[in-house]
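For reference, the structure discussed in these notes is given below.
Going by the order they are written in, the chains are A, B, C and D; count residues from 1 in each one.
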Amino acid sequence: MAMGKIFKFHNDLDTDQIIASQYLLLPNIDEMKVHTFESLDPEFPKKVQPGDYVVGGENFGCGSSREQAPSVLKALGVKAVVAKSFARIFYRNAINIGLPVIVCKDLPDAVESGDEMELFLSEGVAKTGGRTYSCTKLPEYMQQILSQGGLIASLNKEG
Amino acid sequence: MEQFTGKVWVLDDDIDTDIIIPTEYLAMKTIEEMRQYAFSPLRPELASKITSGDILVAGKNFGCGSSREQAPEVVKALGIRCVIAKSFARIFFRNAINNGLLLIEQPDLHDRIKEGDTITVTVNQAIEAGGKQYPITSLPGNLVEIIEAGGLVKAMRRRNGRI
Amino acid sequence: MGQTIIEKIIAHNLGVQSVKPGEIVTVNVDWVMLDDIMIPFIVDKFHEMGFTKVWDPDKAVLIYDHLVPASQQDDTRHYRTGDAFAKECGLTHVHRSDGICHQLMTEAGYVKPGDVVFGTDSHTTTYGCVGAFSTGIGYTEMAAILGTGTLWVKVPETIKVVIEGTLPEGVMSKDIILRLIGDLGADGATYRALEFSGSAIEQMSISSRMAMANMAIEAGAKCAAFTPDEKTAEYCEIELDEFQKGLKGDADARYMKILVYKAEDFVPVMACPSQVDKIRPVEELKGTRIDQVFIGSCTNGRLEDLQAAAKVLEGKKVAPFVKLIVNPASRKIYREALACGVLKTLIEAGAIVTHPGCGLCCGRTGGILCDGQRVVATNNRNFLGRMGTAKTEIYLASPMTAAACAVAGEIAVAVD
Amino acid sequence: MGMTIAEKIIARAAGVEQVRAGDIHTVTLDRMMSNDGTTHLTVDMYNNKLKHPHVADAGKMVFIVDHNVPSDSPKTAAAQKKMRDFAREHQIDFWEGKGVCHQIMMEHYVCPGELIFGADSHTCTYGALGAFGTGVGCTDLLYGMVTGTSWVLVPETVKFNLTGRLQKGVYPRDLMLTIIGKIGANGVNYQVMEFCGDGVKTLSVNDRMVLCNLSVEAGAKTAIFEADEIALEYLKSRGREPKAVFSSDPDAAYAKEYTFDLAEIRPVVAKPDFVDAVVPAEEVCGIRIDEAFLGSCNNGRIDELRVGAAIVKGKKIPGHVRFLVVPASQEVYLQAMEEGLIETFMESGAIVMNPNCSVCWGSCQGVIGEGEVLISTGTRNFKGRAGHPSSKVYLGSAATVAASAVRGEICMADCLATS
């Protein structure tokens, strides 16, 4: 994967901050994505470029089951989310829609927003600031879903 | 006598206040925020096309419906110089006068004009359109006073010694 | 020369013998009603005009109803502005979640027969039901009244409407006023007063009269007038004085028009999309599929209306995939409907009962629809986009008709 | 090696003898629930992204409109219409305006032993009846709808041994907030909270729902109680039969064990903006509030309405406070009506709303404005959850919320009674 810029967020970053309730019933993800992280950084949707990364702390994506949360990140071109840990439903949803979610204990504390980073998914490593960080590898089952491009892609393949 | 010329936008009969400014926008903080939604249920593009000095020509009962004063305010904020209609609904009429938005009743013009035409209004006298003159009547004295004061707010400021 | 009801009220207010239509006079205001949508604008204009005191803080009633409960984050700013103004000027009458303004103005004991009342909402004509002169104004004029206690008005001409006889079963006062609006046209009574009389009117409850006075504006009228009677006295909890008792149109009064109807001739009707004067008998519209029904508003959200709907819905179910929303007009009505089992009947039939307020009628929340959907509603306006988009169709009807439509899932006649 | 209740349910759904934490299994789902928060997206994907769209078993599907009821905009209405039309076309059970989805599911569907996916994080509520309910996204839901199956990573189970009995004036909500405060917002991430011990016998199905419902706020995949006689009685009263009644084996493996003595629990409040920022209620008393909310899938049932009504009875809510009372379902509403509770609330000046998610999800009637403070029986107090990003949400029990509504500031029911 190529270099991308890091956008870093705090521990226990909940899904209401990623995409607030009032936007969930908009007709589609494209209409929603302009409100991503609105309460924390209203400029985020304009600043983020395809290939950039979101970095979080512990329990990233806690809260609701709204799949709109990983979906708006993916729609904005976020390449992957790297965090110390993820909340369960967010994690599952991200895999299902084909957004890589990477657990890496050391990296989040070592980086700042604006840093450049490179992620090697199959090797399970991330490089930034001249250092290489090893990440927890996904179970094979989930890697398969990801490599197929998400759950729907796998469904269409089977069908 | 005051005279002005402007481009015409034409609307039909019974243009209600929900068309002029729908309820969902009424609680916005300012008229400036609201005005982009003027006429949106009927002609969503209209607000962005109107330019300062344009004239609105409508059929009968313009401004019927609610008492929302936001209605004449957004029309004025869009830069509409005056509204010419076959007739006006009562509350809209009062609200417009109180805000210094000029309204003119003229029974015939609407049927003989099309959008994009240019017309010339001579206040309290006549409208000239396509080479033809359309007579207009003047307002009652107490309303002229309010308009001359520059609207009700200014009239009251004067009363309260603020100007 | 005799006088109409409105002429008598205005003359009494001015302390003169008589007034003539067309005269411009300055009246002393008995009550003003300020609503939550307009309050920030009223307060701004009030201060801009240079006022520091309300002429009589006990005569102003501030009511939160359009924005209750708040559906957008900024709505609560209106409450805060209103509360601050009430505190600044010592307003004593503030209703924050008690129901719709026009219901509360008479129900809570403010407006009495013969009063002159202005409100920042067009349906202020409603108080004509108890024989008051009341009409809607903008927020700038409201600010001026708050400062001065007065307002200029042009004495309106009066159209007299006489309805004799007894209404057929299944016909409500809503059907009368809709038919009348159809006959007069949406601007047929512009600047005029509508004065109602006749034996059918005398038989009517105050609630039924309210529905008619409420919708007078939809024919363009400045105000509506009903003669105060024993029912009025009971409703207002007063003894009528001589002036109030005399509030009837004189036989030799000037009327610009007199319309006479036989009550027996009325049938259930609807105002079709998207004009209030596009009136057709329900019979002719039968079978039109609907998505939603709304029973409520300052027009038809009273106990009598809910009871009429409950009678139709008793033991039945709202049609599958159709939504019935019921919005009582006030906290008092809600509690009465609770006590007498009407809410139970409605909910058991599948209704969604919301907290008293303007709800769907004001088009901000409470059941907004989308393109291609059709709603039958008991409120007062079916303007384009009022309850959704320009492609949402609104049919206005009586509570009985609305309830029948909810059961059928299509336009239907209550007593068929 | 023995299994826990959760493992047994997954084994049954996977058609295998034995499962272990960490295994991934394909399971047959017993039921799926989807609400108006996401269903329009599911339907769009169904219509636009699938090569061979079909519904495996419509009888297992339930669609519930509860989040924005009645609708507040044409876009909301369009989203809900999509859902309604799909339900009609595919003959899926459809509920609109009848209550919060999890309450409807508990009243009408959930059975012990079932494995249920819901496109809502609080689907974990169903553990109160010994079912394995868990929240998923709309892609998972769609996959389940089309195939009738899904994949499950078998979670570890954490045992919560409850002893003793809650004191008067202390509620299951205080207990669960205390637990979350202790173990943290990701204290049981990916894990199952299994409640057991003598203490559970003092808890009704309603109480158990309160506990299970909030388990996701500690990161849990689900929470579960054994379907004992209390659960089976509830089920029987509603004319349903259990799918399977499981108990954990004595030698089942637990990742961790905690013990909580119910008698030691005191009224607590979660401070903004985190559910695990739990403090004794005394610490926040006196904070002025603008709104109080009694309702939600966590705390809008008859038990909580009774508690709230007893506190506000005969009192008036001060003018500056909006006290929203939102029964969790029409059934709850009718029961509350029967008991005179609705009248008590209306008399006090409360705003009684139709059953829906209300301010708990922050995009329905009752939202709060800039800088405002809400005390709530809802599920979450995240930043801006209830409205404006600068607003603040405190979570407390029904008693604390009702007492605060009466006082106009955060207040414990005890203090109100003695003042």
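Things worth noting here:
Keep in mind that, in the parts below, a residue touches a chain if its C-beta (ideal position, glycine included) is under 8 Å from a C-beta of that chain, and two chains touch if they have at least 3 such contacts.
Since we're looking at a predicted model, the values are computed, not measured.
Via touching contacts only, the remaining chains, with chain D excluded and nothing moved, are grouped as A | B, C. Spacing of chain A relative to chain C, judged by their CA centroids, is 53 angstrom. Note: centroid distance chain A to chain D, computed from Cα atoms, is 27 Å. Separating the CA-averaged centres of chain C and chain D is a span of 41 Å. The residues of chain B that reach two or more other chains are 24, listed in rising order.
Residue positions of chain C with contacts to 2 or more other chains are 72, 74-75, 77, 364, 389. The residues of chain D that reach two or more other chains are 73, 75-76, 78, 367, listed in rising order.
Contacts between chains trace an open chain of neighbours here, each touching only the next in line. Pairwise, the chains that make contact are A-D, B-C, C-D. Residue ranges on chain C touching chain B, taken from their complex, read 24, 37-38, 40-41, 45, 48-51, 66-67, 72, 74-75, 77-78, 119-122, 124, 135-141, 143-144, 147-148, 152, 186-187, 190-191, 220, 222, 275, 362-364, 381, 383-386, 389-390. Residues 14, 16, 18-19, 22-24, 26-29, 40-42, 60-61, 64-70, 72, 87, 89-91, 94-95, 98-99, 140, 142, 151-153, 156-157, 159-162 of chain B are the ones touching chain C in the complex.
For chain D in complex with chain A, the residues that touch the partner chain are 24, 36-38, 40-41, 44-45, 49-52, 67-68, 75-76, 78-80, 118-121, 123, 135-140, 142-143, 146-147, 151, 153, 185-186, 189-190, 216-217, 219-221, 274, 361-363, 367, 380, 382-385, 389.
Note for the complex: chain A touches chain D at residues 12, 14, 16-17, 20-29, 38-39, 58-59, 62-68, 70-71, 85-89, 92-93, 96-97, 139, 141, 150-152, 155-156, 159. Of all residues in chain D, those touching chain C in their complex are 69-78, 81, 84, 87-88, 94, 96-97, 290, 319-320, 322, 324, 330, 333-334, 337, 342-343, 346-347, 349, 351-354, 364-370, 372, 387-388, 391.
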